[in-house]
Amino acid sequence: MKKKTRLMRPQRKVGMMPGSLIIDPSWPEPTIHVMAYGPDALEEKTVESVRELEAFVGKWPVTWINVNGLGSEETLRQLGAMFDLHPLALEDVVSLRQRSKVDDYDSTLYTAMRMLSFHEGRLSGEQVSFFLGKKFVLTFQEIEGDCLDPVRERIRARAGRIRSAGPDYLLYALIDSIVDAYFPVLEAYDVRLENLEEDVLGRPDNTTRSQLFEIKHDLTRLRRTLWPVREMAGALAHSESKLITQPTLVYLRDCQDHAVQLLELAESYRETGSSLMDFYLSSISNRMNEIMKVLTIIGSIFIPLTFIAGVYGMNFDNMPELHTKNGYFVAMTVMILLGLGMFAWFIHKGWLAPPRKPRQE
Amino acid sequence: MKKKTRLMRPQRKVGMMPGSLIIDPSWPEPTIHVMAYGPDALEEKTVESVRELEAFVGKWPVTWINVNGLGSEETLRQLGAMFDLHPLALEDVVSLRQRSKVDDYDSTLYTAMRMLSFHEGRLSGEQVSFFLGKKFVLTFQEIEGDCLDPVRERIRARAGRIRSAGPDYLLYALIDSIVDAYFPVLEAYDVRLENLEEDVLGRPDNTTRSQLFEIKHDLTRLRRTLWPVREMAGALAHSESKLITQPTLVYLRDCQDHAVQLLELAESYRETGSSLMDFYLSSISNRMNEIMKVLTIIGSIFIPLTFIAGVYGMNFDNMPELHTKNGYFVAMTVMILLGLGMFAWFIHKGWLAPPRKPRQE
Amino acid sequence: MKKKTRLMRPQRKVGMMPGSLIIDPSWPEPTIHVMAYGPDALEEKTVESVRELEAFVGKWPVTWINVNGLGSEETLRQLGAMFDLHPLALEDVVSLRQRSKVDDYDSTLYTAMRMLSFHEGRLSGEQVSFFLGKKFVLTFQEIEGDCLDPVRERIRARAGRIRSAGPDYLLYALIDSIVDAYFPVLEAYDVRLENLEEDVLGRPDNTTRSQLFEIKHDLTRLRRTLWPVREMAGALAHSESKLITQPTLVYLRDCQDHAVQLLELAESYRETGSSLMDFYLSSISNRMNEIMKVLTIIGSIFIPLTFIAGVYGMNFDNMPELHTKNGYFVAMTVMILLGLGMFAWFIHKGWLAPPRKPRQE
Amino acid sequence: MKKKTRLMRPQRKVGMMPGSLIIDPSWPEPTIHVMAYGPDALEEKTVESVRELEAFVGKWPVTWINVNGLGSEETLRQLGAMFDLHPLALEDVVSLRQRSKVDDYDSTLYTAMRMLSFHEGRLSGEQVSFFLGKKFVLTFQEIEGDCLDPVRERIRARAGRIRSAGPDYLLYALIDSIVDAYFPVLEAYDVRLENLEEDVLGRPDNTTRSQLFEIKHDLTRLRRTLWPVREMAGALAHSESKLITQPTLVYLRDCQDHAVQLLELAESYRETGSSLMDFYLSSISNRMNEIMKVLTIIGSIFIPLTFIAGVYGMNFDNMPELHTKNGYFVAMTVMILLGLGMFAWFIHKGWLAPPRKPRQE
Amino acid sequence: MKKKTRLMRPQRKVGMMPGSLIIDPSWPEPTIHVMAYGPDALEEKTVESVRELEAFVGKWPVTWINVNGLGSEETLRQLGAMFDLHPLALEDVVSLRQRSKVDDYDSTLYTAMRMLSFHEGRLSGEQVSFFLGKKFVLTFQEIEGDCLDPVRERIRARAGRIRSAGPDYLLYALIDSIVDAYFPVLEAYDVRLENLEEDVLGRPDNTTRSQLFEIKHDLTRLRRTLWPVREMAGALAHSESKLITQPTLVYLRDCQDHAVQLLELAESYRETGSSLMDFYLSSISNRMNEIMKVLTIIGSIFIPLTFIAGVYGMNFDNMPELHTKNGYFVAMTVMILLGLGMFAWFIHKGWLAPPRKPRQE
């Protein structure tokens, strides 16, 4: 909980025109990479201008245009015009805090997804946008990422159906690779929970509590991110868009299954986290109670003894016990017996059970 | 939590006739502003009487009549008659505690929305009502507000589709500008939560708790307000009213997306608030426990020592130790050793871990 | 929480025949009041026997028969026979703990509603039953109430549509007036919550806790009562009964809106109550902790000092300090310095922050 | 919570054939009672063998065969063959831990219900099974019960519609009488809650806590039992089986209403129970805090005084105060004033508010 | 909570091709067992190669091929080719952390189920996969298990309908036997809960808390496992696949009933667990409070007495009481009376109620 990540960067000004593209000056310039392929051929190129794309789109069974960096309004507008993208969809591409979703604009299908990864030990999210058209897939990434590389490799290697299938299957492959990328993130939390569990069962210290709160907070956020991913995958799997063919729907349903699995994992980790927290809090309170009890028992034994000592420290002239020969020894014996008696009574009552021994001792 | 805002001002008397308009004498007199436009022309005017509106309505592709202030029953009745508004909708216009909603009265579509803003650091709400007719949009605001101004500017500037589109697109633009106005409100809570988090992790004081309760209360209220906004946006986006054209539905769906996003933000802030509260409470209880432990340990060390001192303060005649040469020094040594021994034992048991160091020290 | 109101009076014996009417001997005798009207004429009468009703029913566009008191099985049976009421509906009329509901028995539409009001500061409920027939509305009240009077007045005054509309509009007007009567009840809780909030923020005493529990209990009950009211209003607003005409459905939808608003208010008050309770409990525990801390600090400062005093109260023969000239003054200085040192240390640690000052001091 | 009732008796062995009948040897032998009737005639008989039933079934408009005791597989198999019962339904008859449910096997309609009653102060459940056929109703009870007797009486007395109606109405009458039997059970909990409330508000003792937990546990179980009863009643009320006639559906809907009412009562008692528990726990903690506070205040007043006394008990040679004439009296006065001063300060701070007076004192 | 079981073994690499089979080298080699039967004949064989299966499939009314061990990709691929299994389904067979589910691939119906059992006192899960084809059922188990044996026995013994029914009934019989296998697992938790309850009501020790947390954790996991089982059973019972015949659907509905029952049992145990935990925590806190109260009372009685003794230990020259004859005895009497008085006052206030007697003493 050291530094809360901003969930929203409110770039829109109130009352701004729909379809406005607000470009942050710090964003990197877009680089455009094309991959055009059919069952038998493949052409790859990094193009300089949007114009060059005309040589590919529509001429190949599938053209995949990947745009890294959103830093140029002009490029985006040109792409929008060339591919007939709806202005609202284009606005969503640069609104970086979208929930994962699918919008069906008849001629194209727009999909937004959040990609999660760890940056310096903290969860960080990136938005990826997909447009599926009749013969193309257009993808936008905030920054150069590597999670789409495996798909690129599969296209180059002609692995599986990908080269013979249409753009809808490419869309599936891309989305599936992003969904798959969530699993290692969840696994990392699994490991952290296991470590925390060891701490909690062993000798928890002050950082344990912060860590428990932090992990619970992260897992809540993870669930919030995964929930719309599941909805999105479900919407795709049951899409009625004519851009998605029947055989691909089977694959998208599998992808939906994975999203459901992810959500359930996140839920189950969250519950484990809550349960650890409860166990930690009850351990702490238990331990504190034991300490206070022991301390109070020490006081309770010596306070009455001190009283007796005080009595024989009084300066009355006429205190017969003071002048007997064994008075002192008798008094000492009485005090010791009284102390031991109280001790025995506390033990008998079960009040002096030793505090819980931490396992590692 | 200094002053709870009233959520209801029960102006209706029990059994009152439906369609009754209860006007609060303190409300400002209505001022009526007209904006009539088509793709090529625009006319603006602040009219004195409802009659003057006849020159606009129906004669222009779109006429937008904005009424600021609800202080005249007569004006409202005249408007109702001129635009054929249902008496129940008119009653809702002046029932200022409506939930956001859409009512489809065939010839007109009535929409009520709550607008939130900060007044002197406290959330305050205002109701805005919209009537969409065949060639007009009629809006009612409690008081002069500025959140519809950007739309006015866009009309004047011929920005985007607004001048060429119909009244349904104007309705969308107005509703969208109000939905957009929620984002800065939520951002303000984001900032407050971040500040509170710093306080909680640092050295929380007595106002922290009140602030946590207050922010949680506000965020609960925000969620209550946003929930019907989402429902309303959804109802509009899937409306079957013939007053809303197909292309506008796409925009309304985008607006619904924003409403969902708002609701999720509010939910996520609320969870962050609850989590901060839990962390704060457990910090406080932790700190208090540590303090009490240290204090009790001080007592537990000195009470037995005091007992020993008491023993040698007794006035028995026959106490041999008193008369040895080094009795005093032996007794002092024993007492110091006993004290140190107990101290060492407490440290060994891990009971004397120093209280959590606040990070900023 | 002084006296729990019984939620159920189980008058039915197990296995009793359906349609049995169990009349409590303490119930008042029914008095029957008729109001028959059309657009132009109105006749009112308090009839002695059910027979007299034949002169009205069917002869006027709308006949409203109101029965106060359910103390006569014979009268109920006669009414049932005359208006062709289903025996199960008639049984529901005298089963006074019904949930609000609508039952469509083709020839008549039965509606049961709970009416809430305050009796001597406590919530008390009464059941009102409505039968809508082709040309009549038949209402049953447990005891003479005044919440239907405004409707009576409107009929007499020819206010609004009521005289020209049919019996379905009368049913709406009656139900609406009962829904309206919930608002003042909720407002009363709003006021109580505000007063309690002042108490909680100020100097809460022992009754605060009981009041918080009581108000929370009441608001839970209120929500339980309002939930079926909302369902009932929804069922009416979307009824497909041929007894309800299209224009009246618009009004019933408005009534449903009010029921939803009531439910949300009740929910929001309940949340405010819970939040106040949490704040109260955390205040109390805070205050108690502060008190205990201060008391323990007093002890922790004086116990070590007492030990030093005890040392120099020992009676060893050879205690050189005792015989120095300034020994006493040195010892006193040491003790005072030690006391002040501990005090300073506690302040430095932030342990001695003064307890929260209640605002009104 | 003395003894948890087993919710499941897992008689089935894993992988057992569907339709297996596992008969517990301790179950009583079945006795079969027949009641055959039409509008004008009635014949009752306790038969010895299943064969004898052939004289009744199909020859009378309605034949009701009631089987008490499930201790003979052969009898059950014979009945199954004679009435064409599905083997799975027959298996359910002897699987005594069924949820209440309706299964439509075309030729017969199977209904299972749980009946609750108190046995020696503890909730105990029994399963009743119903088969509705074209001209018969077949009921199975674990042991001889009396809750179906009122229906038997009504048949004998020709009360209401029962003699002229078909077997579907008989089914309704039987189910209704079992639903009715839940009301006294709930009422018993109502009374227990009221008694507990008096205890909690008065002087709660150690059994109060156990009783609160026990009643909460029971009410949770009750809700679990009632939930499927409501579902079952709803399924019957909206059944499309051709065995149930239109007029009976109206009665079944009434029965569903009662089930909903039961469920809401159980819910509301459960909430009352939770609320009482919270109040009890907060009372206890309040009281404990008050006691600890008073005790700590006693210590805090006397510890500093003891220190002063200790000072003048020191044996320094040069302690001028000791030798003044009024030294003792001055010291005593100072000590008394200090004690009173601290006491006054504590009262001024509001720390010494007397502990909550229990109402009955 | 000693060792958390991993819920996920993320074998898939990000971006891996759909349909990839990742085989863990530690998995056992598959052994294939065939059982082919019709109403009159049965042939069983353990085959060495997939080729041998050709002699069975399609030649018998029903062929059941059971594969134990998933350690050979080649075998799986061969089976996939022979039975026309979808690559995604085959991938699911080796993805061992599937939720229970049904996928309808037209020519085959894929069902995945989790089987739970105890291994050395800890819950452990195994995945079983089923393919239903036109004339065959194909099952995959991680390791040799015995829970399908009873079905094998029934086939051999011609028990019930199984030999005369088709492969869909076999699928039902297999799934039903796995569902049945959950009951003993749940019963084991029932027994553990009962034992824990005895501990909690008796003299709970430090392991009680860990056990309560562990059982709660397990039951949460159980519920998570059972939830998809219920969904799966429901999907089968309402399946529209042409591979499942009408009469089998009745049996599948019965199986769904059992799944619902299981889920409700798990829920009810979880609630019992939570309730025990609450009771345990409140017992512990109660007991601790009683102990601290008694100890504090001991201190509170002796601290004032010690003060009095201290007073008469002062060394003032002029202390008249010291020199009276009975001063000492008067002082002692006063101290004893004061002690007894305080004791009596504490008893009168009800502060000294003896701590709760554990029942077994």
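We just call them A, B, C, D and E in the order they show up, numbering each chain from 1.
The rule we apply is simple: a residue touches a chain if its C-beta (ideal position, glycine included) is under 8 Å from a C-beta of that chain, and two chains touch if they have at least 3 such contacts.
Please read all numbers here as calculations on a predicted model, not as lab measurements.
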Any chain that touches chain E and chain D: none
Whole-Å separation of chain centres (CA-atom averages), chain A against chain D: 42
Centre distance in Å when chain B and chain C are each reduced to the mean of their C-alpha atoms: 26
Contacts with 2+ other chains: residues of chain B: 292, 296, 299, 303, 306, 310, 313-315, 319
Topology of the chain contact graph, where touching chains are joined (line, ring, star, complete, other): ring
Chain ring listed from chain D, with chain E in second place: D, E, A, B, C
Of chain D, residues touching chain C in the complex: 147-151, 153-154, 159-160, 162, 173, 176-177, 180-181, 183-184, 186-187, 190, 193-194, 197, 201, 250-251, 253-254, 257, 260-261, 264-265, 267-268, 271-272, 275, 278-279, 282, 286, 289, 292-293, 296-297, 299-300, 303-304, 306-307, 310-311, 313-319, 349-351, 353, 356
Partner chain E, residues of chain D touching it in the complex: 1-2, 4, 6-8, 10, 12-19, 86, 88, 92, 97-99, 101, 103, 105, 203, 205-206, 209, 213, 216-217, 220-221, 224, 281, 284, 288, 291-292, 295-296, 298-299, 302-303, 305-306, 309-310, 312-315, 319, 321-328, 331-332, 335, 355
